[in-house]
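Look for chain A in each of the two complexes below; its partner is chain B in the first and chain C in the second.
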Partner chain A sequence: MTSDMPLLQVKNLEKYYDQQAGIVDWILRKDSDPVQAVDGVSFRLDENESLGVIGESGCGKTTLIETLIGLHEPTSGEILFKGTDVSTFDKGDWKQFRREVQMIFQDPFNALDPKLSVRETLEEQLKIHDIDERDRRIRDVLEQVELSPVDNYLDRLPKQLSGGQKQRVSIARALIVEPELILADEPVSMLDVSTQAAILQLLSDLIDDFGVSMVYISHDLSTVSYVCHQLQVMYLGRVVESGATEVVLNEPKHPYTRALLSAIPIPDSEAERERTELPGTPGDPINIGNGCRFRDRCPDRMELCDKTPESYALSTDHHVACHLHSEHDDQGDLNAVSSSGDVANGQSISAGEGGDEL
Partner chain B sequence: MSDDPLLEVENLTVQYKTKEGMLTAVSDASFAVSEGEYFGVVGESGCGKSTLLLSILNALDSNGQVTNGVIRYKGEEIQDLSEQELNQRIRWKEIAYIPQGSMNSLDPLERISTQAVQLAGLHSDLNEEEALTKFEEMFEIVGIDPERIHDYPHQFSGGMKQRAIIALALFLEPSLIIADEPTTALDVIMQDQIFKHIDDIVDRVGTSIMLITHDIAVVFESCDRMAVMHGGQIAEVGPVTRIDNEPHHPYSTLLQEAFPDIREPNRDLSVIEGKPPRQIGETDYCTFVDRCPWATEECREAPPPLERAEADRSDHFVSCFRKDDVREENEQGTDDRKAPNQKSGSLANDE
Partner chain C sequence: MIYLGFISFVLLLAVIGPLIVPYGYNERIYGPDGEILFSAAPTLAHPLGTTDSGYDVLSRIVYGARPTVVTGMVSGFMIFSIGMTIGVVSGYVGGRVGNILMRFTDLTYSIPLIPFALVVVAIFGSGFYVSIVIIGAVLWRGLARVIRSQVLQIKERPFILAAKTSGASTPYIIFKHVLPNVAPMGILFLALGTGYAIVIQAGLAFLGVTDPFVPSWGIMVRNAYESGMMSSALWWSLPPGFLISITVLSLFMLGRRLESQITQNEESMIAEAG
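Our next item is the complex of A and B:
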C-alpha cells in the first residue's frame, strides 16, 4: 500500500432491478417487488491488492461488477474511485475511468470479435483510448501475456486460438491501456485445467509485478488462493463473510462459507469427504424481508435468525454476518435454539480472535 | 461389484468425415466396465470422451462411424445392431444415457410424468399406472417430492431438472447409466448434491455408472476405476487408487499436478502447454508427444500400445513407451524432465 487512500471504496452499495412488470400488473397498477441483486455491499480495495468475490450462481457477483464499472446506476450507496464519488464524474472523468478500469470476461469464446485479428483487437482498444506507439505496445503486451513469438499470433483470428490463448488475448486487451484496476468475472471457469494454471499465474503476476489491482469473481474457492489477497463471500446480494484469503479458507466461520468449502471435490482417492448436507438452492432475492438470507438452508438456524445479522468483527481482518458469532448480541442466549453442535459458539469466536496473528 | 464385464470396448476407432478428411476422434481404445462398477472417464475438452460414449450408444452424428473394433454388452456384440433392436432391447432398459448439457434435454411442452410414461411405453411392458408409481419412487431416490412428477420442466431449477433426468435414466432399471458431464454447468453445492444421489444409486440400486468428466477430483472421490484419455487415445486405465497414487502415464501425472486442491492452496500448479492435435487420418503416433516432457523420437513413429502397467497386474494398463522411466522418476521424486511450465517447443504445435 502506497497511500492511505484506497483505490476503490464501496459503501453500502445497493442495486435493485425492477422486475419486468407484466401487463396484468400494469393494468392493476400493482408494483412488483424489486430484485435485490446487490444489497448493502461495502469494501475497500487498496493499490496492488486483489479481492475475490465468491458465491453461487445468482448471488449478485456479476451485478456487483457491472455496477462498479458504471453499466448500472446504483440504487443507493457510494462508489469512490481514488477518493472521488463516481456519481460526480463528468464526461472526461468517465473517459479516464474507462481506461483505468478494465474487464476480463468469463467466456473467452465470445469475448473477442471473431472478425478481428489479435493485432486488430488490440489496435482497436488503443484507438478508443487515443494511445500512440501502437505497434510497440501491442508487441510488449503480447510478450507480457506470453503469446510469443509475437509474430506467430499477431494475425490470427479468434477461431485460430485455443481457449487459453483467447483468454490471454482478452487479458492483453485489458492490459494494453495500462489499467489500475482489473475486474475479472470467472476468468478461468471455462478453461481446461491444463490451461487454467497458466492463466491464474498470469493474473497473479499482474498484481505482483505490474502493480495492477483486481476484483476477481468466482463461484469456486479452489482457485482463489492463487490470485486473491482478500475474500468476500456473498449470498443473495449480501456479504456474509470477508477476510484475508488464508483466514477465510482456513477458519471459515459462516455456515455458508463452510458449505461452499466442504462441497469442493478433493483430488485424492483416499480422502473421506462427507457430501454436503445443504438442501436446495438460493432462491431469488425478491421480497425476502428481514432475517438472515441463508436461514432456510442453514444447518445452524436459530430463532434469532429471523432478525438480520449484522457484520461482526472477529478480528481486524475477518468479518462475519451470522448470529452464531454475535458475541455482543443483545438477544442473549445464543445456544438456546441452535440445531447443531458442531459450531460451538464460544469456541469459534475465540478461534476467530486467534486469527489476528495470521 | 462383480468382475463380470458388463461392457467391453476393444480396439475401438471412431472417425468423423470432415472437409479436411477423416478425423480420428477415438483411436484404438480398449477398456471394460464391470457389473455394479462406478467407472470414470477424464480428459480435457475435445479428447474424444463424448464420441466414445456416443459410439457405445450407437448414436454418433451422421458423419461419424466406428471404423474398427468391437463393443460388447453382456457378452453380445452391439456395434452393428439395428436402430430397432437397440431401441427395443438396449436403450433405456439396459443402457441409459444422460447427455452433456442435459438440463435442456427435457421436452419443455410436456409434463415430466408424460415423458416418463412415453419412455415406458416405448422401451418396457409397464402400463401407465405402473410407470407412474415407478417414476414416483425414482423421484424419491433423487430427492424431489414425488408429487412433482406432474410438473413441467420450467417449474424446476437447473439442479432439479438435472435430477429429474437422472430419475428418468434410472426409471427402467438399466444395468448401465452413462452420464456425460452431468454437473459441469452447476455450482459446487448443487454438484455435490447431485453426486450424493448418484452415490446412493450405486449403493442401493447397484447400477453400473460410466461418468464422463474433465474433473479428476470428482472421479478420484467417487469412482472405482477410471480411464484417462488424451487426443483420442486411452492413456491409462485402472483402479482410481492406482492412477492417483502410482500414475504411469505422463499425462495422468501432469493432470494431477495441474489440478488445484483446496487443502493445499499454495501448491504450484503445473501447466500442460498446447492442446491435443486434431488428427486427420489414422493416429500413428502418441498424441501427447508435442506436450510431453518425456517424449523421444520413438513416440512419433508408432502409437504406444495399451499394455499392463506392471507385468504382475491385470487391472492397470498404460500406453506410453517410457512408462517405466516415468514411474521410476515419479517414485524417486527426482525431476530431470523439463519444467512443465517451460514453453520450449510446445507452442509451435499449438495451432
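Our next item is the complex of A and C:
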C-alpha cells in the first residue's frame, strides 16, 4: 500500500471563493468573508486504489474534485501528482496530466455535447491527445462499457440514448485515453437504482481489471462500498473521518458519520434500530471561524468543541477529527459513545453486506 | 412553405430580374402618340402603370429586388459575424474582456439609428452601400446580447468542462462545442436581423440617406411621395411598400419556422430514445 510515491497526494488543500461584493460593501470598503468550500483536506491515493469522499450536498465535494482536476486554482495547499506539484506544471505537463487524469460527471444528461454522435465524442479525446488506431479503440472501449453491438451506438446522438447509456458513454470517454486516475463526481446519483448497480459494477471492475485509481465522490453511503477501498467523510469543507471503507462503515467514530450511516435504509421491515436524528441543516461555510464545524448539530456536543479538533489516529488506517476521541483510548470512547452505540452495531450488519462486494 | 416560396421568388428576381424586364429602370416610356407617358394608370402593356418621370413601374420593381437582396445579405452578414464574434467571445472568455465588449454593446444600444445614419451620411456622403454598412454596424447588438447569454449558459454545462478537462484548447471548444450549440439561435436572429435591416434601409432610402439612383423599393416609395402623388397614383406608391412588408414578414416567419423545426427535431429524437 505504501510505495514511495503515491499517485496522487493532497496536502492541506484549501479552496476559498470570494463572494461577489455588493455595491454597499464596495462603497464601505468592506471585504466580504470568503466561502470556505474546501478547508484543509489531505489524503494520499496509491496506484490501483480507490478513495470515496462522502458528504451531504454543499460540503465541498464537487469543489474538491474540480480543484483536483485543475478547473480551479487552489487557495492554498499542494496537489502532488506522481510526486510533482501541479502548480509547477508547464503546458506539456498539463497535457500529459489531462490525459492521465479523467473525470466522470454527475449529470449524464449534460455531460455529452448534444450535437456530437457517440463516435465523435470519443474520437475527440483521441484527436486532442493524438492517438492512432481510432476506430479500433472506439470499438474496444464501447465493448468495455457494455454498449454492444457497437454499431448500434456509434452514430447515435446523446438525445437517442437513455440516461444509463449516456453515463456509459461518458465513462467510455474517460477510459478511451487509458487514464491512470479517474475522478468520479457522483456518477450514479442521477440514475435509477437498477442502472446504478450496473454502473457501480462497471466502475469497480475498472479498478480491479484495468488498474486505474479512482476518487469517487458521493452523498450516498450505500454505493461507496462497491467501489472504494478508502473513505473520507466531509462536513462543510473539512474531513471529519477517514479510514478503510469497512472500518469506517463498521465502526464509525464521528457523530456525523454515525448519523449518515443511520440514514441508510435497511431493507427489512422488522429491523429496529435507534436513529441518530440530526436537527437543522448544515450552515454556510462563510466566516465560521474556529471550532468543530459540526458542533451546532452534534448530539454529543461538549465545551471543548469550540476548539478546532485535530485529526486523531485511532489506528494506522483510521482517523477522526472529533474531541470525543482525543485520548484515543477505548475506555474513554465507550463512555462518550454509549448513547448511540446501538446505531453503530445495527449498521455493521448492513455495511458488512456491502463490504463483501469488494 | 409559402414564405420560403416568396423569399425564393425575390432571390430569383434579384438574380435574373434585370435580364427579363421589358424596360430599363430609367427608360422613358413613350405612348402611341409619341408623348412620354407621365404617371399613366395601369394598362396591359404597363401592368403597374408609369411614374411621374415616365418609367415603367413593374420594371422598376423587378430591378428593385436586387438592392433589397443585397441589403439583406450584406447587413445580415455583418449582423451575424459581428454579433456572433462579440457574443461568443464576451460570453466564453468573460472577465474583463467580456465586460469591455458588453459595455461596447451597451454603447451601440444607445445609438439612435436614424439620426446616427444622418450624421454618417453628412460626413461620408450618401450612398447605397454606406447606408447598408451603417445598419450592419449597429444592428448586431441584439444578436450579441442573446448569443452571450446562451454562451454563458452553455459554457457551464458539463460537456464543456469535460472538453476542458481532456485538454482541449479554447478555440477548439468554441468552434466545436459552443458554436454548434448556439447556431440555431444565431440563425433565427440572422433572419430577424436581415428583415429588420431591409425595413431600416427602406426607411433610410425614404428619408433620402441613400443613393437616389439605385432603384430600391424604398427609393420608389420616396419618389412617389416626393411627386405628391402618393394617393392619386396608387399603382405606383403601394406595390413597393407591400413588397417590402411581405419580404420582411416572410423572413421573420421563415426564421421562426426554422427555429421551431430544430427544436421539434430534437424533441422527436428524445421520444425515439424513450
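Heads up, the rule we're going with is that the second predicted complex is superposed on the first by the 320 of 358 C-alpha atoms of A that agree within 3 Å, B and C clash if a C-alpha of one lies under 4 Å from a C-alpha of the other, contacts with A are read in each partner's own complex, and residues count from 1 in each chain.
Note that contacts are C-beta pairs under 8 Å (C-beta built on N, C-alpha and C of every residue); 3 or more make two chains touch, one makes a residue touch a chain.
Because the structure is a prediction, the values reported are computed rather than measured.
Because the two structures share chain A, they can be overlaid on it, and in that overlay chain B and chain C fit beside each other without clashing.
By the touch criterion stated above, A:A313 is placed in contact with neither chain B nor chain C. Between chain B and chain C, more residues of chain A are touched by B. Of the two partner chains, chain C is the only one touched by A:N110; chain B is not.
Of the two partner chains, neither chain B nor chain C is touched by A:V150.
Judged by the touch definition given at the top, the superposed model places A:Q160 against both chain B and chain C.
Legend: residue contacts after superposition of the two complexes on their common chain; A:E124 is shown touching chain C, with no touch to chain B. When the two complexes are overlaid on their common chain A, residue A:I286 makes contact with neither chain B nor chain C.
When the two complexes are overlaid on their common chain A, residue A:S170 makes contact with chain C while staying clear of chain B. Remark: least CA distance from chain B to chain C after fitting both complexes onto chain A is 6 Å.
Chain A uses residues 160, 162 to touch chain B in one structure and chain C in the other. Taken together, the chain A residues at the contact with chain C in this complex read 66, 69-71, 94-95, 98-99, 101-103, 105-107, 110-115, 124-125, 128-129, 157, 159-162, 170, 173, 177. Looking at the complex, you find that chain B touches chain A at residues 44-45, 157, 159, 187-193, 195-196, 199, 214-218, 220-221, 240-241, 243-245, 254-256, 258-263, 265-266, 269-273, 275, 341, 343, 347, 350-351.
Considering their complex, residues 157-159, 161-168, 172, 176-177, 180-181, 266, 269-270, 272-274 of chain C touch chain A.
Across the complex, chain B is touched by residues 56-57, 146, 148, 152, 160, 162-163, 165, 192-198, 200-201, 219-223, 225-226, 245-246, 249, 259-261, 263-271, 273, 275-276, 278-279, 281 of chain A.
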